[in-house]
Each structure stands twice: as structure tokens, then as C-alpha cells.
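Each structure below appears as C-alpha cells.
Next, two complexes with subunit A in common: one pairs it with subunit B, the other with subunit C.
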Partner chain A sequence: MVGDFFVAVGDVLSSETTYSSGWRLAVALAFVAVGEWIAERAGTINISVEGSMLAGAFASAMGYDASGSVAVGLLIGAAAGLLVGAVQAHFSHNLTANQFVVGLTLNILVLGLASFLNSSLKPETATAHVFEVPGLVEIPLLGPALFGQPWPLYLLYPLIPLAWWLVYRTRWGLEVRAVGENPQAADVSSIDVNARRRQAIYVAGVTSGLGGGYLLLGQVGWFEDAIVGGQGFIAIAAVIFGGWTLRGAMLGCLLFGSANSFRLSLPAVGHPLNSELLSSLPFVLTICVMALFAHRTREPQSLARPFIRGLR
Partner chain B sequence: MTSPAAELTGITKRFGAVVACDNVDLELRRGEIHGILGENGAGKSTLMKVLIGLVLPDAGVIRIDGEPRRISDPAEAAELGIGMVHQHFSLVEPLTVWENVILGERVRLDATAAKRRVGEISERYGLAIDPDERVSDLSAGLRQRLEIIKCLRRDPAIVILDEPTSVLTPGESEQLFEVLRRVVERENKAVALVSHKLDEVLAATDRITIMRAGAVVDRRGTGDADAPGLARAMVGRPVSLRSEGAALGHIETFEDDPAVTEPAVEAAVEATEPQPVLSIRGAVARGRDGRTLLDGLSLEVRPGEIVGVAGVEGNGQAALSDLLSSLLRLESGTVRVRDTEPPPGRPGAMAAAGVAVVPADRHESGCVLDMTVEENLTLVSPPRARTGRALLDRAARALLDRAGRQAHAERLIEQFGIQTPAADAPMWSLSGGNQQRVVLARELSGDPVVLVAAQPTRGLDVGAIEYVSERLREAAASGVGVLLISTELEEVLDLADRIVVIFRGRIIGEMDRVNLDVERLGLLMSGAQEEAS
Partner chain C sequence: MTATGAAASAGSVRYDRARESATVLGIYLASIAVALMVAALVLFATGGSWTSVLSALLDGSVRGPGRWGTTIGVGIPLLLVALGTIINSRAGLVNLGQEGQLFVGAALGTYVATHIGVGGPGVLFLIMLAGVAGGAIWAGIAAVLRYQRRMPEVLTTLLLVFVAAQAVGYGLKNKNLLLDPTPDQANRNLISERLRPDTRIPRLDWFGNDFPMTAFIALLLAILVTLVLRWTIVGFRLQMLGRGPRTAHRAGVSEARYGGLALVISGAFCGLAGAFMLTGGDFGNYRLTPNYPVNIGWEGLLVALVGRNHPLVVIPVAFVFAALRTGSGFLAATGVDRDITKVVQALLVLALLVPPAILFVRDRRRALAAAAERV
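Entry: the complex of A and B
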């Protein structure tokens, strides 16, 4: 049994497609995690990213079906993600409903809606073409994985430094960090705490919608109800895993994406292993990391606490 | 005559059944420092929050430069030229100094320009600070300085300071008042200074308004005021001289006649022969950044005595209190509590050995603002956790025995005169001073072997100081070893049987209450070594 396992690991690791597919899966997570990271820095655990991602996937399918253009599809996907984010933001940071209840409700709602619309509209879709970045794709082993992919994947590359710049180099980012840490202090410094928190959720909505669009048009090629299947939640786990730093979150995505591709590759190389067990890996890893490094990582001090003026 | 900078008339604010402000009139004039004096819970902060737009009054009118205004937001207040230094730090800890200073501005983020601005303000008001330092690494004094810079950066016409000195050393307070004088005289600003400390108000203000239970009870020019009169007006009854002395910052209380010691103190001095209940030997500790926090500190406390640790803030007091709260690991050295040797740094070890700690930063780490007063009163000696998460754990355990807990809490509320509408009111709804009382009540009621009190009267009014001093004496009289860590010399002089001086992480001198030499003490605190001990 144990021997079998190592044989399987060896087979998977020597298969070229593992790397490439691992990267693709990591990228889908990273789109979501980039935005979720910002939302959490502002103080919201925005679980509606799962819904944003699904809405983005379905809307981009519809957009592609209508226009025949991947770019338009992605744009509409991002808009759909934003819409879900906007609803979440309004309910949790305008009407002060519980952010988890809102997120959960939205996720269920989007799933039902997308599934119904898909069965009645049946959008025709395809995958975006592969674009090989000249020169870079020649890099041995990693070249094809990083630079020989469907072109929507490359959108992520500028997105990461952009998010970093936004959070650490702009006034908006400074205020986002302040409201996530100490909303009372931000409030008396005349920052609109709930507006910043809403805006951070919009960003998460857009990137998650884009992530959904990428999943559909860059990876899977057609819409199915299970296309997202909890990847939004795994992206949230990646942010926590990464200790609320961008670098850590991206590392988490890479790790969880690889684990996922590993799981998918096992049957392909002829090793039936309990893949349900493997799919719980991200969560198990996150819990282990949290247990090990809990004293070192520093979560935003007001994470998941609503802000109402006068409350302390 | 021009209209006053700010004029509040008939301000009334109710929180449920509590009338925090009851038809209050207040006038802040340009070129004047206006002292606002009152007990804990008198409504001072609420009144100031009305002016800054954090609390909307139920009734009343605010006029700024003669114009009636409705201020419903700190941003609006800022536009009207009102700035405030809040009673509790309103800084974002993980951010740097310059980031905190420019928080809330509207212009593009420009680090170099911002740092230059901080430098300019520092220079203009003589408030030196390193703009690149992270706030979490700053001492209380520097944080307060940063708060003031933050308030002054927009050049407000009206400056409100809510108990700015409760976290400052006497030297720092004096410096602050100099800055305020400059602000008032040179720039013709109007300043409101909220305080408990009578000497401060007498020395620094031009005019005084005294509040009690939400209403203004007296108003006078500082020239016509004297300390006993103010104390009486504030508390509504005559106050004992000694605690008044502590509140006044007078050290003459027994300097006049050090030989006169009460019988209780005599007894305590005699009782110093038995085994120490607390003994720290050669404690060496370093901070995360490699800075030496404790540098071979040794110290003993015997049952029944109050040992005062005097010293200027930042000389290892925080580390000492952390050590005794199990928050600090030692590189070398030992801590003994009676017959046990609790391993330093292991969570809960000191508390289990019988050490109770009243932390200096009670508001930050001594209580959980989102929980009720009762819950805060009955959590047992919480280790100081940054987020208070550890407290939540204990709270879960404390869920047992609800009735007993409730009775206990109600007794403490009564004993300590904690002003709260109910035992299950949330902690955040209490006034700053009353939150402090809750922490004090909890720690003092825990039946400890050793009681560590760090700045126990910080932020308390005269009446409460009196009470706390009594409780510390009582604790000592019942055989508890009391370690009093305080930067306020008069407090140490007033309470301690034996005084040790802490300087750069070690004890550099010691003297008995009977052989007291205030001058030598002052020299020691400034680091002058003793020739022979």
C-alpha cells in the first residue's frame, strides 16, 4: 500500500503535464486570492468569492457565446464577479448584516442561478488559444508551464505586482490596511471605514470574476455546475495559509494548485487513490500551518469584525 | 469682542438611562487653555466627542466662530479646524509613524513629502520622533507625542486633549504643556485639556470647568482656584489629604516628617524578616530586536511589604511586568515565588504560582472591550494577550457557575464604585476610568501571593486613587507581597515601604522608607550610580 503510493508519486512527478497543470490550477486560485487578500486586509473574510468566481465563469461563457471573443467574455466575467461582490459589500458593510451569512447565501444563490441558466441557455464556448511567449517558453522544465499557456493566464502576472502596489504604495492601500487593523483609529482620522471595506470587496469580486472567466475560457472550455467546486474557499485558505502577506498567499496557491493537479494526475497515470482524501489536503495543510505558525503570523486585528461607530 | 472659537450651549446626551452630559455649556476661547476637570464617568470624554463629531448630542447647539454648526463626523470637525487627541491611543500599530500622521488626508501618497512634513511639525513644536519607526515599537510617551503631531498636522484652530498625560512621565507632561503654551501663545489656538490631575490643571490652564455626573458644577479662572477646592467640587465631598497629595503630585506628604509612620507600616517593616514571597535573581532578557530589556535585575519582595520600583519610563518596567505576567522569557536568571520556581515565559506559570498583575496598559491588554463588565470582572488573571483571544478561552471556562459569578461581579462593582448601568453592560460603554477600575477590581480580588501593580492609578480620579492606595495597603497588611511599579515618584513615595530604583534594566539603588532621601532618589533615577550600597 505504502509502496504503491510512492510508485504513484514517482510516476506523477516524472510526468511533464503535472507541472503545467499544477501551474494552471494555481493560477485560478491566485486570481481569487489576490483580491481576497485585499478584502481581508481591509477586515472582511469575504466568502462570497466562491460565488463571484462561479458567476464570473458562467457570465464569461455567456459573453463568449454572444460575442465570439475571449476578451469580451473575460470582461463580462469580471463584471459578474463585481456584481456579486457589490451585493456582499452592500449587505455586510452598509446594512451591517453578518458577513458570513451574506456570503453563504450569495454562494448558494449564484450556484442555483448559474445552474438554472446554464441548463436553459446552454452557452457555446471554447478555450482561448495557447500563446507561447517567444524565448521564455524555451526555459527547460518550467518554460512551457509558465509561458506556454492559454493567453488569459498571463493576466495574472501583472495583477500580482499591481495588487502589491495598490496596497503598499497608494493612499487607498494605506487606508485599507488601517481599517483592517484599527477601524476606530481610522474613523477618528476621518477615513470612511465601511466605504474602504466595500471597495476592497469590489476588488475581490473583480479578480474572482476574472478567475472564474479564466477557469472557463483558459482551462476547462465549457460550463458545468461543479466548475468552481470550492476553489474560492481554497483561495481563502491560501490567504490564511500565507499569513496575510501577498507572497505567502501566492505560495499557498502554488502549493494547493499543485496538490490538486497531483490528485487529478493520479488516476491518469493509473493509480486509483482516494482522491477525496487528497482534495482535503489544502485545508489540512492550512490548519497545520496555522497551528505551527499561529504565534508568528499576524492577522488583521479587526478581521471579520463589523465596524459601527460608537461601538468601543 | 470676537466670538469664542467654540461655544457649546445646553449640550445633553443620554446613553440609555445614563445621562452622560446634562445641559452643559462650555466656551473655548482663542489663546486660552481651558481645563476640564471631573471624576471618572463625569462625562468629559462624551462632551469632547460631541465637539469632534463622534457623538451626536440629543439636544444643544455648537457654535464655531459664532456660526451654529452640526458636526456629525470627525471629517467635518477637521474641516472646521477641530483636532483631538483621544483618551485612548488611536494609532494603527502595524503602520509607521509617518503613515499614521497622514492617515485621513486626501492628497496623493508621497512618503518623502510626508516624512518631511513630520519633520517640520516635530521641529516647529519641539516634538522629536523618527518618522520611519513602527508604532508598535514605540513607548507610551512617544505614542502620545505622535498623537499630538497627528492632531497638529492640520493646523487646527481648536485642539482638544483628552487626558493626554495619563500615560506620560512627569517630565514628558511638562514638555507637553510647554508645547501647548507655545501653541496657544504663538498661534492663538484654543485648547481644551481634559484631566484628573489637579496640579496639572492648576499649572497649565487659564480657566477651569468642573463636571460631576454629567453637569457643570463649577467654573472659574485658574487664578482663583486652589487644589482642595477643586478636589471638593470634583468629587462632591472632602477628600483625604494623602490621596489628594498623590493626585496633586505633591511629594511633601511625608517628606516633612519621614519619621512619622503609622503602626500598620511599622508592622509591615518588622514583618520583613521572613522568606521573600518573590525573588528575582540576575534576570537577563533581550527583546526580539536584540535590545537588552533586563540586564541582571535582582529584586526581593517579602510578605506584607510594598516594594516600589521607581524610575523613568522605558528603563525596563514593562519588561519586569511582562516577566511577572509570564510574557517574557529569560536568557539567564531565576524567578522564585514562595517555594516554587515558575519557568519564566511559560503561559500562565506566574499566575498559577500566585502572581497577580495589574498591567500598565489596562485598556490595551487588560480587558476585552466586546465582553460584558461581569465577564471582564470574573476572568481570572488573564495573561496579557495582544488580541484578548486568550481571555476568550478563559471566558469559555468561566461559563460555569453563572450565579456565583454574577454575585461576585456585583460585589466588586459595588466595592470599587464602578459606574456601569448593569453588570452585563458591554465593557466598551464604560468611561475610560471605569474600565481601569474593572481591571483593578479583578486583579485585587484574586487572593494572590504576590501582587504586581504597574501604574495602578494611571487615569484614575482622586476618589479612585484614594481607594486603590487603600486596597494596596490592605493587601500588604494581609501578608501579600506587593510590587508597585510606577513612574510617578509621589505615588511610590506615598505607598512603598522600600524603594528600589530601576535604570536600564537593572536595580541600581535601594532605600528604606525611614532613610528616605528624595534628592538621592532623583539622582539615581537619572542614572547616577551609587558609590557604595
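Entry: the complex of A and C
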């Protein structure tokens, strides 16, 4: 039994397609996690990234159908993600409605809207063409995975350092972090707490929309209702798993993405392994990591606490 | 103050109150109208006609023969989930795991029903008990993590939904757990054995509409929750915890005990909803299937929100949500996709989130202005 497992792992690890598919799945999560990481550093948890992602996927399908260009599709996808993020931001950090309730409702709304519109509009889509980075694609095993992919995947590579720079090296980032740690103190230093939180959620909306667009145009190629299927939640889990650091969040995405591709490629290699275990791995691992290292990770001190001036 | 002055001021207070409630009502009506207009716009943009949609929804939910019985059957678990949600919301906790708690409850109920081998009312009661236990355990995990390891219950309950789906999915693949062991059963059908007829809930037949008897239990539970929250010490302490945790702490209300209790009760209600779905017959034909909760958990949460966390108000709301669900089955004839009802539901919830927030902001502004005047 245990021996079988290691044989299976060996078979999977020696095939190039595993790395490619693992990387592709991880990238979809990473798009979302980058934005959600910024939003959580601002002290918000928006579970509407799942909805943003789905809106991004559907809107990019519509955009591609209308224009025939992948770039336009992705742009419209990002705009749709931003729209969902904007609704979330204004409902929960302007109108003071409960952010989880708003997020959950938005997820249901987007799912209903996307499947309704999809059944009546039926956009025609295709995948973006593969672009092989000359030279780098020759690297054994990892080369094709990292540098021989549909081109929208490469958008992620500049996005990660950009997010890091934005949060750690700009005034805006400093204020976002301040708002996530101690909103009262930030407020008396004349930082508009809820405005920063809204802006952080806009960023999360845009990257989730891009993630959805990438999922559709870079990976799946057609729209289906289950295209996102909880990947937004997995990305949130990755941010928590990573202890609210960018490095950790990306590691979480890589781990959870590989677990997912493992699950998909095991039957092909011919080894029965518990696919339920692998599917629930992101969630179980995140809960375990949170429970075990709760005292060691530094979560934003006012995570998920709404800020209303004068109320504490 | 003279007598006439007092009378006049009493009159103006009454006038102010009338105007105030008219404003509140106006804000609510306006936001609901906006939500319905957006839904109509979506429908219009795709070329559907809203009159035919409305008439199909009404046919499918109440007007058609035997339809309102079905709607009641669907409304029962929605009501139970909403009642559970009310308890944790009143205690100031957010439970997003109803879908998972319901699934675990239904699965444990199935396990008991298919392994016990005999039938009868006693076994039916055991199935209910297993459902309650399943939901309570699943919410209990989140409660333990909340009060032992200080993990936000929002995240743990949410994450446990996906774990529950996978765990039950695993059970549905194993013949000694949940999968139907009948030899001629096709291997690909991941469903449980059918419940024996004597472990099903009797169905009543009123004017050609049949629904399970559990409808009355659900109504009784709604009244019970109202009474407990209003008249008992436990209910008072739960709500104290929700309204002012610091006050509760100083008054000697243990946060871990009452918060944990609220979460576990909430989960128990969801588990019971799962057991009712299983034995009631309106879902899955007395068998457990993959994706068994079919969003009842999420929608029950929305019912509680729309009902403003009031255990009696949620009864009609649950019926309306159930009607949207059963009515959507009749939409195919109009050529409009049934998912439009999901859009309507979510838009309604969003619309009902706005007025309290607007009122809150307005009252704050007024209070601030009054304070500035006094200075």
C-alpha cells in the first residue's frame, strides 16, 4: 500500500506533463492569491474572490467572442472582476454590511448570472496560443512547465514582484498594512481606513478577474458553470496557509495546485489513490497549519474586523 | 409644562414616529424595487418576457396541482437551517458552514438507516439523532478551534464545507460505509441504498398536495427558538454575547461556553435539516447522492438574513425561497434558464442589506450633528 504510493509518486514526478499541469493549476490560484493577500493585509477577507474569478472567466469569454482577441478578453475579464470587487468593497467598507454575508451573496449572484447568461448567449471561445520563451524552454523537466505555456500565464510573473513592491515599498502599501494592523491608529494619522480597504479589494478584484480570464483563455478554453469550482476558496486558504506573507501564499498555491494536478494525473498513470483526500488537502492542511502555528504566524491584527469610526 | 403642551408634544412624537416608519418602509421598498428592476433588465437583455416567467414561477410553486405541497417540502430544511443560523448570529458568531453541516448530518443519518437493518419509529428517531449529532460534531470542530486555538469561526466553518463534501464523497465510494452494496448496482452510480419504507416520514395529503409531517416539527421549532431567545436565561446570555461581548464577560457569561453552544446548536439544526431531507422524500428519493445538499445550506443562510434573524419572520421567507426553487423547475417551458431564480434571490438579499446600513449611517450623522450643536 505504502510502496504503491511511492511508485505512484515516482511515476508522476518523472513525467513532464505533471509539472506543466501542476504549474498551470497553481498559476490560476496564484493570480487570485496575490490580490487576496493584499486585501487581507488591509484587514479584510473577501470571499467574493470566487465570484470575481467566475465573473472574470465569463466576461473574458464574452470579450473573446465579441473581439476575437485574447488580450481584449483578459481586459474585460479583469474589469468584471473589478466590478464584483467594487460591489463587495462598497457594501462592506462603505455601507458597513457584514463582509462575509456580502461575499457569499455575491458568489451566488455571479454563479447564477454567469450560468444564466451562458445558457442564453453561449460565447464561443478558444485557448490562447502557446508562447515558448526561447532558450529557457530547453531546461529539462521544469522548462516547458515554466516557459512553454499559453501566453496569459506569463502575466503572473511580473505581477508577484509588483505586488511585493506595492505593499512593502510604497506609501500606499504602508498605509494598507497600517489599516490591517491598527485601524484606529491609522485613522488618527489621517489615513482613510475604509478607502484603503476598498482600494485593496479593488486590487483583489482585478487580479481575480485576470485569474478567471487566464483560467478560461489559457487553460480550459470554454466556459462551464463549474470552471472555477471553489478555486477562489482554495486561494484564500493558500493566503492563510502562507501566514499572510507573499512567499508563503505563493508556496501554498504551488502546493495546492500540485495536489490538484496529482489528483487529475493519478488515474492516467494507472494508480488508484484516494482522490477525495487530495481534494480536501488544501482545506485540511490550512486548518492544521492555522491550529498548530497560530501563535507563530502574524496575522493582520484587525483581520476581518470592520472599522467604523467611534465604535470599537 | 401645561396640559395642552404635553398633548401637542405627544402628538408630534406620534407624527414623527409615523414619518419615521414611513421612511424606513420607503427605503426598503425602493431597494427591493431596484433589485427586481435589475433582474428584469437581465431578463430583458436576453429576450425573456417577465410576465411568462412570473406565471411559470407561480405555476411551479403554488398554482399547479400538488405544487404547494412540494414547496412546503423544500421549505422545511430551509427553515431549519435558517433557525440554526439565527442562533449563532444572535450570539455574534458567523457560521458559513451550513452546507457542510447539513451534508454530514444527512450522511450520518444514512449510515444509521442503512446499517441498522430494521425499521420503525424508533429507528426513524435514531436517524434524526444521527443527523443532529453529525451537524453538531461538524460545527463543534469549528467551535473547539475557535475557543481552544483562537481561529476565526468564519474561516474554519467555511473550509470545513469542502472537507465535508470530500469526506461524504469518500463514504459514497465504499460499500461498507454509504455506497449501495446491491450487486447489480452499476458501479458508477455513487448513491446510497434506499431507505426502508418504514423509516420514512409519513406524508400528509391535503387537497391533493402532499408533504412530510416534519413541516409541523419545523414550525414548532421556530416557535421554540422564539421562546428560548425571548424568555430564557440561556437565550438572554446568548444575545448578550452578541450585543456586547465585554458586558457579557463582566456579567460572568463564559464566551467559550455560550459561543460554543451557539455554534453547536446551529450545526445541530443544519444536521437535522439534512436528516429531514433524507427521510422526507422531496430530495434524492430517500437516497443519499453526491452533492446532496444542493445549496440548501447556503440558501438557508440567506433566508436567515432576509428574515433579519427573526425566527418567526423566516417562516414566510423560507416559503418564498422554496417557491423560487420549485417554481424554477417550470421555467424550461418559457425558454428562460432556471438560474434566473438564483439571480433574483441573490439580488433580493443584496437589496435587503442596504437599508439597515443606510439607516445606521443616517442615525450616526444625526447623532454627531446633535452632539456638535450641544457644544
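Definition applied: the second predicted complex is superposed on the first by the 300 of 312 C-alpha atoms of A that agree within 3 Å, B and C clash if a C-alpha of one lies under 4 Å from a C-alpha of the other, contacts with A are read in each partner's own complex, and residues count from 1 in each chain.
Here, a contact is a pair of C-beta atoms (placed from the backbone, for glycine too) under 8 Å apart; a residue touches a chain by one contact, two chains touch by 3 or more.
Quantities reported herein were computed from a predicted structural model and do not represent experimental measurements.
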item: Fit-or-clash call for subunit B and subunit C when the two complexes are aligned on subunit A; value: clash
item: Touched partner set for A:E50, first subunit B, second subunit C, both or neither; value: neither
item: Touching partner for A:I240 - first (subunit B), second (subunit C), both, neither; value: second
item: Partner chain in contact with A:S189 - subunit B first, subunit C second, else both or neither; value: first
item: Partner chain(s) touched by A:T170 [first = subunit B, second = subunit C, both, neither]; value: first
item: Partner touching more residues of subunit A, whether subunit B or subunit C; value: C
item: Which superposed partner A:R298 touches (first subunit B, second subunit C, both, neither); value: first
item: Partner chain(s) touched by A:A178 [first = subunit B, second = subunit C, both, neither]; value: first
item: A:S115 touches, of subunit B and subunit C: first, second, both or neither?; value: second
item: Contacts of A:L95 with subunit B and subunit C, given as first, second, both or neither; value: second
item: Overlapping segment of subunit B (options 331-339, 367-375, 439-447 or 475-483) - the one that collides with subunit C in the superposed model; value: 367-375
item: Residues on subunit A lying within both footprints (that of subunit B and that of subunit C); value: 310
item: List of subunit C residues in touch with subunit A within their complex; value: 42, 46-48, 94, 96, 145, 149-152, 154-156, 158-160, 162-163, 165-167, 169-170, 173, 295, 298, 301-302, 305, 336-337, 339-343, 345-347, 349-350, 353-354, 356-358, 360-361, 364
item: Subunit C-touching residues of subunit A, taken from the complex the two chains share; value: 45, 47, 87, 91, 95-98, 100-102, 104-106, 108-109, 111-113, 115-117, 119-121, 230, 233, 237, 240, 274, 276-277, 279-280, 282-284, 286-287, 290-291, 294, 303-304, 310
item: Subunit B contact footprint on subunit A (complex, rising order); value: 169-171, 174-175, 177-178, 181-182, 184-191, 298, 301, 309-312
item: Residues of subunit B touching subunit A in the complex; value: 52, 54-55, 73-75, 78, 84, 86, 89-95, 99, 102-105, 107-109, 150, 369-370, 387, 428
